[in-house]
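These notes open a run of structures that come right after.
One chain, chain A, links the two complexes that follow: it is found with chain B in the first and with chain C in the second.
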Partner chain A sequence: MSTFIEAERLSLRYDDVTALDEVSFTLTGGKIYGLLGRNGSGKTSLLSLLAGYRKPSGGTVTVGGRPVFENAEVTGQLCLVRGTGDAAVSGLKVKELLEFAEHLRPSWDAGYARELVDLFELPVDKNAGTLSHGKQSALGIVVGLASRTPVTMFDESYLGLDAPSRYKFYDALLAEAMAHPRTMILSTHLIEEVSALFEEVLILDDGRLVLHDDAEALRASGSAVTGDAEQVDRFVDGMRVLGEKRLGRTKSAMVYGELDADRRARAQAAGLDLGPLALQDLFIHLTEPANAHQGETP
Partner chain B sequence: MFDDRSPIYRQIAEQIEADVLRGTLRGDEQVMSTTKYAAFHRINPATVAKAFQQLVDDGVLYKRRGIGMFVSPDAPEALRERRRKSFFADVVEPMVTQARTLGIPLSDLVQQITELSNKDIRP
Partner chain C sequence: MTTRIAKRWPTLRVMLAAHLPFVAVLWVLFTVVVLIIAGVVGVTNGMPDSVVHDAATQVPRWLLFGLGLDLVNTYLRLQLAHGRTRREFFGQAVTHTVLVSGFAALLVTLCYLVERALYAILDWPQTLDRTGLFTAADQYPVIFGTYWLTLLLWTVAGVLIGLGFFRSAGHGLLTIPLGLVVVLPSLVVVGNSGMPFIGDDLAVVGLSNATVLGVSCGLFVLAVGLAWAMVRHVPMKPQAV
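Moving on, here comes the complex of A and B:
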């Protein structure tokens, strides 16, 4: 099945709160996508809509050209793992929960699930609700990976996991993505730790999509321009400035957009220092309150 | 090992070029497969593939169908030649600019370089 995902002016409102505001994007599928955003930016709302857990208040979302909500043909191809939430409320033992997951997904791989259970050292005879936070997250990860669904989404699945377990998750995810390519979407704010895994990145801020691009393009897109304040102002004129710092006559401006050789030469001639901006810094500046609502999707 | 401040595919390509220049990777030696490299460094396989493709396009690596990627036998010399060409722009020009800012006369600079290279010749 095609995993071409299309969101068109997708909105979600709870009473008078707008969780997601006319978000539009296209994911061609078969890649690892990073969904970044601060707490309350709309990540979980967006994933809930993609998984068909909720009905959009406005706009549409389709997978393979077909609407998701209340469409069993589509939702059977999707798997959303939400933090630790689902394991805790079930009241089932770990092995029962895995059997239930197997029953739901025709693409389930039981042998692979057992390997993952061993990897994360999950006690299969224990009640899932009594597991530690980290083990519940790990259980969710096992369900997501072993489901082998064409679209698999992990919503902050690292919560409660210690660093060694998080790296086990990243390694397993990458190995799985290479052995059985499919669409995987990870929401996170541990950017530095996982961003190398992403092929594309979407950044949500205050319910809006402020950016969607190739991860590699983003790494080339942020620069810090530092030097004499007047010269910096002249240089960044007309560019998208994400933030500024000033100390005396020296100013540093964070700009978004790749700088070509011509611009670099101009900076050098003006005595300005150009430094790269890490993805994490780019994320922080793009989602700063001062920048809210002036976002644009390329 | 790789950071988020510039495209990772460029950092991978530079890393492999450095290995070739240092002799860690020799001509006709096989390099790690894309999947192994991606798993080892925890990098998206598409990013690794892009780096390897660039190295193939630049003549540093060559493909053997069904077997893998290898270092071109003339890659060390070709890389050295390319670095020689950019050496003046990358190293000498900034040095001269800096010397001028500090008020160091060009003759001092030349004298210093001559002394250094004489030291290299007589061990």
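Moving on, here comes the complex of A and C:
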């Protein structure tokens, strides 16, 4: 099945609150997408519509050209893990939940699920509701990865994990994406930690899509200039500065715009280091209230 | 290794696999406890009426009501999370309510049989203190049918109220009176209200069996229709952590 995802003027309203406001985008599929946004920006709402957990208030969302909501042929190809996962219901043991997943998901890979259970050291005989937050998150991740669905989405699913477990997840995700290419969408706050995985990035702010671009292109759309504070200030004078950090005499400034050869030579002569633009800085800049709703890169 | 399982009625299989063993275990406990109570009452107060009848007209229906709630609260979420649709869930959930209530009714009927055997050993008559559709404790087909109908209505009421709360607390509160209306005929068919305020007045209202059965069927269809109207577009909100 094609995993070409298309949203057209997609809206979601809860009573008088507009969670998503005419969001339109196309995802060609087969990549790892990063969905970024501040709290309440509409990330969970958007993913819930993509998974058929909710019906849109307006607009359409299709996967492979077919509408999602209540379409068994499409929803069976999708898996969304929100937080610790809706499939990790309390009252059932971990092994029961995995057995049910095997019954309900034609694409479920039980062997891979067992590998992941071992990787995250999940106690299979325990009730899912009694697991720690971290273990519940790990269970959600097992459900998502072992579903082997053509479109797999994780909505802040790994926030409960400690750092070593998060890195296990990133490694497993990458290995899975290589071995079984599929569309993966990750929504996260831990942008710096995960951004290296992203091939495309979507940024939501206040229910609107403010950016959708190739991750490499975004990183190359600006630079991090680091060095002596005075030299940095002199170098970035007249340029569009997205953000600055300072530690003692060392300063790092994020500038938007491509640096030509002459500029690069000047930076080298001044002893300044040039690095790629950090997605987190771009994200913060784009979602600052003063910069919101520009609808384009700075 | 990739596992490919393409079984029919997966949703129903999952729900039956969860509920039937649970009901069976509780039936064993129920039977043992009820027979112990019968023995104690018999020894202290002389020959009792059927204790199974007293208990079975009140306890199992609440269990089945709870299973109706669980069907929505646990399994609707599980099904949607695994890419199943509301339509798939609902069709198989209604089938499940019929099967699980039938299974429970069979076990309750077996309780009457076990009690009869015990009373026969002790040379006690197995009498009923109140009657409904059945008037004697050995009318097994009628006992089975009566409990099937009763437990079915209570399970469906649980589904209806469960769906209300799945949508929102406000909807949940609104569905409670609806659920109460759905189970009303079941109080008549067993001749025991067991409910506060209503007492047994309704249970002895004097309706004919045909009327009670007709009203029950009508309410079952109405409840299923209402439940479908509620589930077909119900949003699945994130779980509270």
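Quick notes
Here is the rule we go by: the second predicted complex is superposed on the first by the 234 of 298 C-alpha atoms of A that agree within 3 Å, B and C clash if a C-alpha of one lies under 4 Å from a C-alpha of the other, contacts with A are read in each partner's own complex, and residues count from 1 in each chain.
By definition in this document, contacts are C-beta pairs under 8 Å (C-beta built on N, C-alpha and C of every residue); 3 or more make two chains touch, one makes a residue touch a chain.
For clarity, every value in this text was computed on a predicted model and none was experimentally measured.
By the touch criterion defined above, A:101 reaches chain C but does not reach chain B. Once the two complexes are laid over each other on the shared chain, residue contacts for A:199 go to chain B alone; chain C is not touched. In the superposition on chain A, no contact is made by A:67 with either chain B or chain C. Counting residues of chain A touched by each partner, chain B versus chain C, the larger count belongs to C.
By the touch criterion stated above, A:40 is placed in contact with neither chain B nor chain C.
Remark: chain A residues 44, 48, 52-55, 70-72, 75-80, 82-87, 89, 91-92, 96-97, 100-112, 133, 136, 143, 147-149 touch chain C in the complex. Those residues of chain C that touch chain A in the complex are listed here as 1-7, 10-11, 13-14, 18, 70, 74, 77-88, 232-233, 235-236, 238-239, 241.
Across the complex, chain B meets chain A through its residues 2-9, 35, 38-39, 41-47, 50. Taken together, the chain A residues at the contact with chain B in this complex read 31-32, 167, 170-171, 174-175, 177-178, 191-192, 195-199, 215-217, 219-220, 276-280.
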